[in-house]
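As structure tokens, the structure follows; a few thoughts come after it.
Order as written gives the chain letters A, B, C, D, E and F; numbering starts at 1 within each chain.
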Amino acid sequence: DFMNALENDVKPAFGTSATEVSAYVANGIIPWGAPVARILEDGELLAKQVKESERTPLVAVLLEGPPGSGKTALAAQIAKNSDFPFLKICSPENMIGFHESAKCQQIKKIFDDAYKSQLSCVIVDDIERLLDYAPIGPRFSNLVLQALLVLLKKVPPHGRKLLVIATSSRRDVLQDLEMTNVFNARIHAYNLSTGEQLLAALDGMDAFTKKEMEDITKAVDGKRLCIAIKKLQVLVEMARQTEEGERVPKLITLLQEEGGLED
Amino acid sequence: DFMNALENDVKPAFGTSATEVSAYVANGIIPWGAPVARILEDGELLAKQVKESERTPLVAVLLEGPPGSGKTALAAQIAKNSDFPFLKICSPENMIGFHESAKCQQIKKIFDDAYKSQLSCVIVDDIERLLDYAPIGPRFSNLVLQALLVLLKKVPPHGRKLLVIATSSRRDVLQDLEMTNVFNARIHAYNLSTGEQLLAALDGMDAFTKKEMEDITKAVDGKRLCIAIKKLQVLVEMARQTEEGERVPKLITLLQEEGGLED
Amino acid sequence: DFMNALENDVKPAFGTSATEVSAYVANGIIPWGAPVARILEDGELLAKQVKESERTPLVAVLLEGPPGSGKTALAAQIAKNSDFPFLKICSPENMIGFHESAKCQQIKKIFDDAYKSQLSCVIVDDIERLLDYAPIGPRFSNLVLQALLVLLKKVPPHGRKLLVIATSSRRDVLQDLEMTNVFNARIHAYNLSTGEQLLAALDGMDAFTKKEMEDITKAVDGKRLCIAIKKLQVLVEMARQTEEGERVPKLITLLQEEGGLED
Amino acid sequence: DFMNALENDVKPAFGTSATEVSAYVANGIIPWGAPVARILEDGELLAKQVKESERTPLVAVLLEGPPGSGKTALAAQIAKNSDFPFLKICSPENMIGFHESAKCQQIKKIFDDAYKSQLSCVIVDDIERLLDYAPIGPRFSNLVLQALLVLLKKVPPHGRKLLVIATSSRRDVLQDLEMTNVFNARIHAYNLSTGEQLLAALDGMDAFTKKEMEDITKAVDGKRLCIAIKKLQVLVEMARQTEEGERVPKLITLLQEEGGLED
Amino acid sequence: DFMNALENDVKPAFGTSATEVSAYVANGIIPWGAPVARILEDGELLAKQVKESERTPLVAVLLEGPPGSGKTALAAQIAKNSDFPFLKICSPENMIGFHESAKCQQIKKIFDDAYKSQLSCVIVDDIERLLDYAPIGPRFSNLVLQALLVLLKKVPPHGRKLLVIATSSRRDVLQDLEMTNVFNARIHAYNLSTGEQLLAALDGMDAFTKKEMEDITKAVDGKRLCIAIKKLQVLVEMARQTEEGERVPKLITLLQEEGGLED
Amino acid sequence: DFMNALENDVKPAFGTSATEVSAYVANGIIPWGAPVARILEDGELLAKQVKESERTPLVAVLLEGPPGSGKTALAAQIAKNSDFPFLKICSPENMIGFHESAKCQQIKKIFDDAYKSQLSCVIVDDIERLLDYAPIGPRFSNLVLQALLVLLKKVPPHGRKLLVIATSSRRDVLQDLEMTNVFNARIHAYNLSTGEQLLAALDGMDAFTKKEMEDITKAVDGKRLCIAIKKLQVLVEMARQTEEGERVPKLITLLQEEGGLED
């Protein structure tokens, strides 16, 4: 209807930040298996809910999974796919050495900007780092914690809608901090765990010859595999520094040393 | 009598904040059952006591209950129903990233303003957040705690009357902080816990067809139910993103995943 | 004798604060029983000692008892009865949100002013709050603690005399802080604990008809009673909001819910 | 000899503070028994050593004993008896509400002034309070502790001599803080512990008639007695507020309530 | 190819710091055995990966081993060997007495400078000291920790490449701080552990005559040896202060006292 | 040779501080036994190493032993004996009441000055006090600790040489702080422990007549003795305040009370 059309015909209040967000998917999203597809779909559904529902103008989703499983890249991809006029990433990389006050201000600023657009998506990347979490103590910034606890629940001003995608490798820490409650939904990111997924990923990297791929297939057959996509990329590049004939054995050795491949 | 009439014929010293308070009942109060009615009545009685009693010019009530049970909305509704000339909500949403000093000042300011009106109602929303409470440590702002402990007991200046409604999801924490003593009364907010209540709530949301309602009735029959009104709204909206035929099963699944529906 | 007469013929250096102190006995002192009388007498004796003894120009008394037992009001009454030219209350209500430095300064200022009058009485109200005491930790302001420990022992300048009345609901905390030693005397405030005392108190409030009083007498007969005078006033006002016939049963119910009346 | 005469013929660099120090023996030193005499003698000997020895230009003595046993008054008396040209008391009473930095500065200033005179005596009164010691935690000012640890060991500039008398009621705390090592000598202050001592003290206060003294003698005979001189003075004054005939029984009761008199 | 040639034909944006880095290999790298060679090779391979791979523009390696095993010198040598146009060492020696904020700023500045060159190598020397780690508490700068955690993972701007070599003697501490995850690779530095390695090292120091070398060979034969190269240099210099005939026995004694030589 | 001559023909860059350092051996070094001689020799050897070795331009030695064993005086003596053009003592006495930042700056300044001279000796006196160490907590300045950890390892600029002598009574604390590793050498200071040593020390003080010395010999014969040289001096001076005939028995009593003399 007209009201609806009008509301969705939004213009970004402060220019789209799609380019900035794209930087976080530098190496693309390799479709190495069903989990990848499902995460992107779930993200799409939530974006749709934000756009269409009147009763839930705020949806906050937690994208959590092991280190290097691609959380940041996936969050960025979901944001881009949403096609919302306002996209912004709230990343620890832009707050290095900040005291907690400065961090809070920057985080709050991003949300305040988001509230000015009718349809916004904010990525809260790497919550542990935003919280300055250290396991010894444990220590964390209570100021940032409290700010996030409020921001993740705060309904945007009338007529504005907001999708928040937060990422974390430490669901247990968020639980201990009683932070998981504030999310409306949760998406889990996975490591690669089958030979098939590994081959699909390597294929997507275009790193080995057909013959080499076959050797890899044999080498991992019947073994237990568990490797993060980000880590896999580093190991592949390390293997590629060696002579041609040694590249596959090197990769297998590296995978084993990392504990990513076990009998 | 005349004296009484005069005293109640108060004018707001700083303009009524009813509109601001209304923002906290955005989705209205759906009358899903007896608990809702009783809470509103209890609130009304206390407001009456403030208005009429000479010996208790200050009444401080604690409205506590599980997360999402509607505490903030109910507190706002009670405030509005009281028809007091001065209404103000003291909410963590307006103090994001504030250091404890700034928080204290803002809280104190609200009470000082309230003291200037003859009949005032102040909502102290989400005490845990105002206290910057974090379970690890545990940590909290002692400055804010001390300020609240004094403000919740401080008799207003001669001739002024004040109703304070404080909300909290963590009665245990308040107990540990020896904070429960300062309240004159306590009201408990409940989750929905019967199929009847669920149906009344869904009815109030106008979200499902008659047929769907019947299906839901069957699906929850004989099961243990426990769901917060706030959470229920999100699940309903999620279910509504699916195809028509799947909406009821989806809702049931979501309720189960949330742990809100058990055999 | 003349010297004595001269010394007592003091004039307040900074104007008497009797009015300010009176605000803390807003609802008067209802003579509900022997304990009330004894406390006032003990206070009178100490005031006399300050006035007359040359060897003890400083007397510091701790007035401690359960929450709401009337400590603040009784301290204020003793101060007023003393008829000293300088009266001042050092209350947390006037230091809301103060940091410990500011608190110390204000407390010290009050004592310094008292030293300027020949005969002074200072009320140090609610020591726990002045100390910013929180049971979790436990936390407290060491700066304020140290200031009080010194001020409560410090002999006034030659020729000046000072009575300090401090109140506290947490004698155990003061004990743990090794603070009880600095007091020269201790007065205990009591809750109402007999039906007779209850009726005397209700009588003093002029809240019920003769018939109602009789009903109450019957209702509490043979029961264990323990209620703070401050709490009692609130319950009475709550009961009075109900219909005429229900006021007594309501009061009894409220007393029971509070744990103030047991079989 | 001449050198010696010259050296002792010192002039105070900053005026003698004997008057200031006298204020701390307001009620005089009542010679209630052998312990009192011995303490004064020990003090005299140490003052002599400072004056005469070349190898120990600094002597630091710890005067410790139960609360109210007269430590401050005795330290002041020893200082006065020494007849040193520079006398100064470093007392918590002059640093109320000071932060640790300010405390350190003031303490250091006193020692620096002392170093300017050829023969100085500094009283460091009530170390626990100077340290802001609180038993919960425990808490204390490390800045003040470190300053004292260095100052109590620091040899004065060539040709200057210094006697430091420190007082404390908490030798155990100083032990735990590894502070007792820095003292060259230790003097213990005692409570009154025999009927004879009690009567000598009462005699010194001139508080009771001969008849009353006899009654007291009988009343305490065969009982265990332990009372601080400071406390005793307060109890005597309290007893004196009563009617003539009741003064002795009152004193005995007060002594018993204080735990100072046991069968 | 051309693109590659161009990319590597980089110019240092801020002048090469090779000289500065050289200062950390003051006593050269004595090739005392296979571990030394392997470390340098591993370093070379990683530098090659940074130069050539497009997918891993950031490689962060942890060079860890016992105190004095030559970590800093080896890191500096690897950096020099890499021939990258931008070399910089981030060393605690340049931040003595810095508060954590200043440390963070300086560290961040070095990385920001590195990002401006196309090919950079940054040494993060002695992480424990950068973190202000103290075992009692334990204590550490969380601000520096968080900054390093982010910087060691942060992908350089498009087209820039960075090799980070971090050194540490406390792998266990980094593990506890969950810091080891952020490194892509790990190189272990070793102590000398065979007579052969010892002789090779002494040979490289040119410190003893042929005869003395033979005596040392005999003396260490069949013993368990474990000594850091840095410590060995000090012991050798101490031994050399003695008379000619005593130098070998002295060295053996010193080695034994250090616990570096056992039967 | 010439190069050597030139290098040692150094001039102090900022004036020699030998006089300042001398103040710390006010009472001279009494040669009471072999330990004293050995410590001075060890110090001499290390100074020689600094002067002559090219590979170890920095030597840091820890002089540790019981309180009062003469560590500071011995360190000062070693420094003076070294005849280095730059001598400086980094003493807590010059930093009383300093906050950790100011302490760090002053310490760093001393080292920076030392680096400007070709041959320098810095005494870091009483590490526990420089660290503001308190056993309760325990507490210490991490800023100072970190500064010392770096400064004690930092190689001076090319061509400069530095001997650092640090003193401490708490080797256990330094161990816990993982500070002992940074020293290249360790020298232990002893208490007097034989009658012979005691007599040699008393002889050096010239405090008793020949007859008295004989009495002392007898009195300590066969007893276990353990007394610090610094303490002994105080006891001797105390004994000397008594009458001639009582001086020996007094000394023996004092030794026993101190726990320095046991059967």
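Quick note on the criterion: a contact is a pair of C-beta atoms (placed from the backbone, for glycine too) under 8 Å apart; a residue touches a chain by one contact, two chains touch by 3 or more.
Everything quoted here is computed from the prediction, not taken from an experiment.
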Separation of chain D from chain B in steps, with touching chains one step apart: 2
Chain B onto chain E, rotation angle from CA fit, given as a multiple of 5 degrees: 120
Chain located farthest away, centre of chain E as origin (C-alpha): C
Longest centre-to-centre distance from chain D, chain (CA-based): A
Same vs different contact residues, chain A with chain E, by half of numbers used: different
Separation of mean Cα positions, chain C and chain A [Å, integer]: 60
Separation of chain A from chain D, taking each centre as the mean of its C-alpha atoms, in whole Å: 69
Centre-of-Cα separation between chain D and chain C, whole angstrom: 34
Contacts with 2+ other chains: residues of chain F: none
Chain order around the ring, beginning at chain C and proceeding next to chain D: C, D, F, E, A, B
Complex contacts: residues of chain E adjacent to chain A: 45, 48-49, 52-53, 55-56, 59, 101, 104-105, 107-108, 138, 140, 142-143, 145-147, 149-151, 154-155, 158, 176-178, 181, 184-185
Residues of chain A defined as touching chain E within the complex: 23, 26-27, 67, 92-93, 96-97, 99, 129, 132, 134-136, 139, 205, 233-234, 236-238, 240-241
